[in-house]
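The same subunit A turns up in both complexes below, where it pairs with subunit B and then with subunit C.
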Partner chain A sequence: MEQIGVILLAGLTNGSVYGLVGLSISLIYGTNRVINFAQGEFVMLGVMSAILFMVTLHLPTWAAIGAILVVVVLAALVLELGVYQPLVRRGAAPLTIMIGTLAAAIIATGIALLIWGPLQLAVPNVFSLQALNLGPLMTNAQQLAIIGVFAGLLLLTWYLMYRTSFGLCIRATGVNPRIASLMGIRADRVVRFGFVFSALISGMVGILIGPLLGGQVGMGVTLTVKGFMAAILGGLGSPFAAAAGGVMIAVVEALVAGYGSSLYAEPIIFSLILAILFFRPYGLLGDFEAGRR
Partner chain B sequence: MKSLNTARSMLAGPALILLVGALVPLLLTSGFHLRLVTIICIYTILCTGFNLLYGYAGQISMGQQGFFALGAYAFTLLMSAGNWSFWSALPAALLICAGVALLIGIPLLRLRSHYLAMATLCFGLVFAGIASRWIEFTGGTAGMMVPSVKFSGHIVSRTELYYAILLIMVLVLVMQNFIVSTHMGRALMSLRGDETAAQSLGVNVTAWKLRIFILSSVLAGLAGIASAVVNRQVNPSFSEFPILVSILTIAVVGGLGTRYGALLGACVVVIAPQGLAAFGESETIIYGVCLLLFLMFMPHGLSGLIPKLFGRIRRKAASPAPGVVKAGEIKP
Partner chain C sequence: MNKTTNQDPVVVRNPTPSWRAILLCVLASMGSAAWAGTPLRVCYVDDRSGVAADTGIQSFNGFQIAVSEINDAGGINGQKVEVVSYDGKTDPQLTATFASRCAEDDGALAIVGGNPSAPAAAMIPVASEYEIPYLMLSAGTDNLTDMPAPFHFRVGPRNAQDAAAIAELIARQGFKRVALINNSLPFGTDSAHATEAALKTSGVPVVIQQTYDINATDLSPQIGRLRSANPDVIVVFPYAADGARVLRTLQQQGISLPRIVARSALLNTLRELAGDASDGVLVPNTVDMQRPDVKKFFDSYKTRFGEAQPTMYPVLGYDAAKMFLQAIADPAVQKALAADELADARVAIRDALIRNGNYQGLQGHAGATYQFGPDRHHGPPDQNWFVFVQVADKGKHLVAADLATFKPGS
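Up next is the complex of A and B:
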């Protein structure tokens, strides 16, 4: 009984991370129908710049967090202005733009490699890593903060999307950017907001997950892939479905690792996703979005 | 008359490549250079499959490195652990690649094309994880040795291996040209344009997507086997991210949807790093930047330059009405 509690807590922690990456991917997809292959790199940038600001430059924690978020927002703007916009202006197909974002991910990894080197680095923690007893469970403040931030960001995204007029603009742009423009919505700004907001989310994920995963410049792809798995399993059409997909994946991963071997976790999840797509092509919680152009 | 022309266009290029390729070993002095040329052939096989899938049919797989490694591992395991002969291990490994591609393709190819891209990237990473962590079966990060290929007691030399791989590459190019210049090519290109329109014209969209995905996976597996035999070992780096980066760079730099783009791109990507001394550290950045610049400014890659060049010469000679020939509109 105790073991299952530990497993579920670990699943929920990782699930918060996968869920937030999946949510970010789905948010960008929701505004412009492009899959961002560089989403994990935002997390990587968050983790690595935490090392830069907290260890190398000894900034106070709050200033460091601010600086990290500035870095990821700048990275998002570079991606949007330097990769997305030029490709759209040249009339590139969504798939080409997708490869463009992958190229951006490759460049980001390459630059990070020059700055931080290939080794795994320790990342300073914002919250305490001291063991904390929560009933029968052992945890720590950092872990609880991840879950708390996950819940908070979900709520914020939901409020933004469904309770504000700007959220209506976002959803309208997702349905049809041209018609949204005719209705007076600045579709290009909505797209830019999508990039910046999802980068902010990923940057926060980076600050929180860094101490638990360690910082390595190649970590971005792994996280992007987890985010993809979350989004495909849950449903790409809705950010919340993608977030739920992330939690599901992490719980399955933790269960397989806890009762079997972590070696089987990824292949099992991958086959599970393929099997589920066979019966529910748009994801477990997905709607009609996936079939639409 | 028309069919004669088609046959000529199908065979002339590969025949020329075969001729040049056959002469290359006579000009090279060191084993290292021969190795580079062999690697070019391997990458060409790998990227021809990718080009058929993405360049012609508009379906993108980011898991080709997974199939590259799957072919190599399946072949090596069948040869060393299963004690199979070369001639039975080779087709069996290719069949395994086709089977896995079928399993992945059936649920994904009914959906829009970015699902394939996302899920195949997942496949590549999952395979890399298995290859490096299932130590007792795959040898872990150290990988496995590949037994040298013998035919009736005669160990195949490097040069003979090169000629074999060159021949395979030329056959793959002939097959590609055949596919592209027949009704199959037109069916594939119709997928790239508009799936609904293709369907209304009687193209079985899902079936064609599945066929071309399986073909490209089998070609990736074939390249993986060739790479395993040449390197005499397999390891998880076969399935890792840098291979995908190379595939994309080769395909985009060479020219997507062109017949010899894969070969051209492979030459550039394999030879260019040799000339630059300080390439090592910043290799990833250079690949990424090249990829991006070509996507933006030269969507037809280096192959796109050739018709442009010819177009200019022809225009000078005949001086037709302005705007008749645009480089982008010339059929590859």
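Up next is the complex of A and C:
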């Protein structure tokens, strides 16, 4: 019983990270039907900016967090105004825009390399890394904060999407931006909000996982892949489905690690995703979300 | 390509053919006595900005020290050695492309580099195709220098040798229940399997073996299973950041058993990220700081590049450069160079590396030598090579291992 508890807690912790990245990818996809391949780079920027503001500039923690979020928001605006909008104005297909975001990710990594160098760097922890007992389970405040922030951001996203008129605009733009525009919705602003909000989430992920994973300028790619897997499994286009997909992937990973070997986790997860997509091509919760619209 | 510009005599450049032609014409018309045929150019190709950048940078620094020493002493027969360097970014395809450029465009006499195994392996076909000697560094995958290995050599130890050294230490220290934990990348899995096999030979049972994903933020399931197996020593085969996570999780769960971490703990990154959770960890190394020549080398390193802990990586670059420089001073190589026969010079360098196969470098215990030969292109011998170091001062320093206290129950 204790073993399954440990596994589920580890799955929930890792799943919160994958889920938040998946949620970020899905938020942008939900507004413009484009997958942002630079999403992991927002996380990387969050991690590396934490080093800049907390270690190099010695800012107080909360000032540093504010500065980190400003950096990722600026990066999101650069991506939206410098890559997305120009390509959209020239009538580029979604696939072309996706390649544009991939190019932006590579450029961002290159710039980060010039600033922070190639080495893996230690990132200061915002919350304590000391052991914390939860009954028979053991964790630490930083890991609990990841789960807490995941839950909080899910709640915030749900409220925004389903309890505000702006959320209605977001969903309408996601269904059909042209009709949304005809209905008086500023679709371009909704898309910009998607970029900024998803970057904020990714920046917070960076602050939380940096002390656990360390910071390296190339770390964004893996996170994008995990987030993308989460979004595909859960259902692309629904932030909540993507988040659920992330948790599911991590729980399977933890179960395979706990009762077998992590060596086989990825093949098992990809087989699982493939099997699920055979029966539910829009992902586990894709139809549910489509119905809600 | 990274071009290093510094004020020492090591010249890093990549001249275009037209410039080389002009230079040739000018020198020929001057009838200069300084002209000695093929330039003494060597390529350094390694990861210096990817995940294994620590290793590539340190090895390149060691490499530059060796080249500077020879150039400061007047070069080889009055000719300075030129270095062309490329950053392969842990990308096998990019690394292979750079290796081809070294062989084809740069006219290099040899290629040195290759710390991570995958890009190091990617340069082997290039070396064979262009018949250019290639000295790879710490790439540990066992079969990289299996014969036939026409033009490539390995300077660093292979994973099976690390494994044998770890198994021998565990048996000697009297441990009876070994737990292995490794990441799911080839380095982790290969090393764990090799260690398990070596321990079996030594008669020490492995009570549990766990594998984890390199990006997992929570390793509690694996560490929990380790604990439940009740081992008396834990051996970890990680990369830098995940290794720190393993050590921190062990500390967090109150597991204070003796721990051995593979050579990745020689990198500052792992120890910095782990902090005091890494203190007391034993790490296999090939550098014996009791040797005066090794100490002198690290003093030179500190003067030029800042302080470095005594690890194999700077030494690998230095030893590889020294072996190459010794080879190009060989009369057969000089004859080919004077005749401007690049292909012949490369073959002669390969043969000289084999002839000078018992080179005594800075790796290993005093008196230990490399053991290259016609049928053996892997240099490090199985005996007298490994020196265990211990992590101290919250991960900041590597000190001589205190084996008297590294016992079961300690």
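Here is the rule we go by: the second predicted complex is superposed on the first by the 287 of 293 C-alpha atoms of A that agree within 3 Å, B and C clash if a C-alpha of one lies under 4 Å from a C-alpha of the other, contacts with A are read in each partner's own complex, and residues count from 1 in each chain.
Note that a residue touches a chain if its C-beta (ideal position, glycine included) is under 8 Å from a C-beta of that chain, and two chains touch if they have at least 3 such contacts.
All figures in this text were calculated on a predicted structure; none of them were measured in a lab.
Clashing of subunit B with subunit C is the outcome of superposition onto subunit A. When the shared chain is aligned, no partner comes close enough to touch A:Ala63: not subunit B, not subunit C.
In the superposition on chain A, A:Ala131 makes contact with subunit C only, while subunit B stays out of contact range. When both complexes are overlaid on chain A, the residue A:Ala257 reaches subunit C alone and has no touch with subunit B. Judged by the touch definition given at the top, the superposed model places A:Ala10 against subunit C, while subunit B stays out of reach. After overlaying the two complexes on the shared chain, residue contacts for A:Gln216 are found with subunit C alone; subunit B is out of touch.
In the superposition on chain A, contact is made by A:Ile111 with subunit B only, not with subunit C. When the shared chain is aligned, subunit B comes close enough to touch A:Leu87, but subunit C does not. Shared-chain residue A:Gln120: touches subunit C; no touch with subunit B. Legend: residue contacts after superposition of the two complexes on their common chain; A:Asn140 is shown touching subunit C, with no touch to subunit B. Across the two superposed structures, the residue set of subunit A contacted by subunit B and also by subunit C is 113, 218, 222, 263, 266. Residue ranges of subunit A in contact with subunit C, taken from their complex: 3, 6-7, 9-10, 13-14, 17, 113, 117-122, 129-131, 137-140, 143, 146, 209, 212-214, 216, 218, 222-223, 226, 253-254, 257-258, 261-263, 265-266.
Those residues of subunit C that touch subunit A in the complex are listed here as 48-51, 53-54, 57, 184, 189, 210-213, 215-222, 224-225, 240-241, 244-245, 248, 252-254, 269, 272-273.
Of all the residues in subunit B, the ones that touch subunit A in their complex are 54, 58, 60, 62, 103-104, 106-108, 110-115, 117-119, 121-123, 125-126, 129-130, 133-134, 241, 245, 248, 252, 281-289, 291-292, 295-296, 299. Remark: subunit A residues 35, 37, 83, 86-87, 90, 92-96, 98-100, 102-107, 109-111, 113-114, 218, 221-222, 224-225, 228-229, 231-232, 236, 263, 266-267, 270, 273-275, 277-278, 281-282, 290-291, 293 touch subunit B in the complex.
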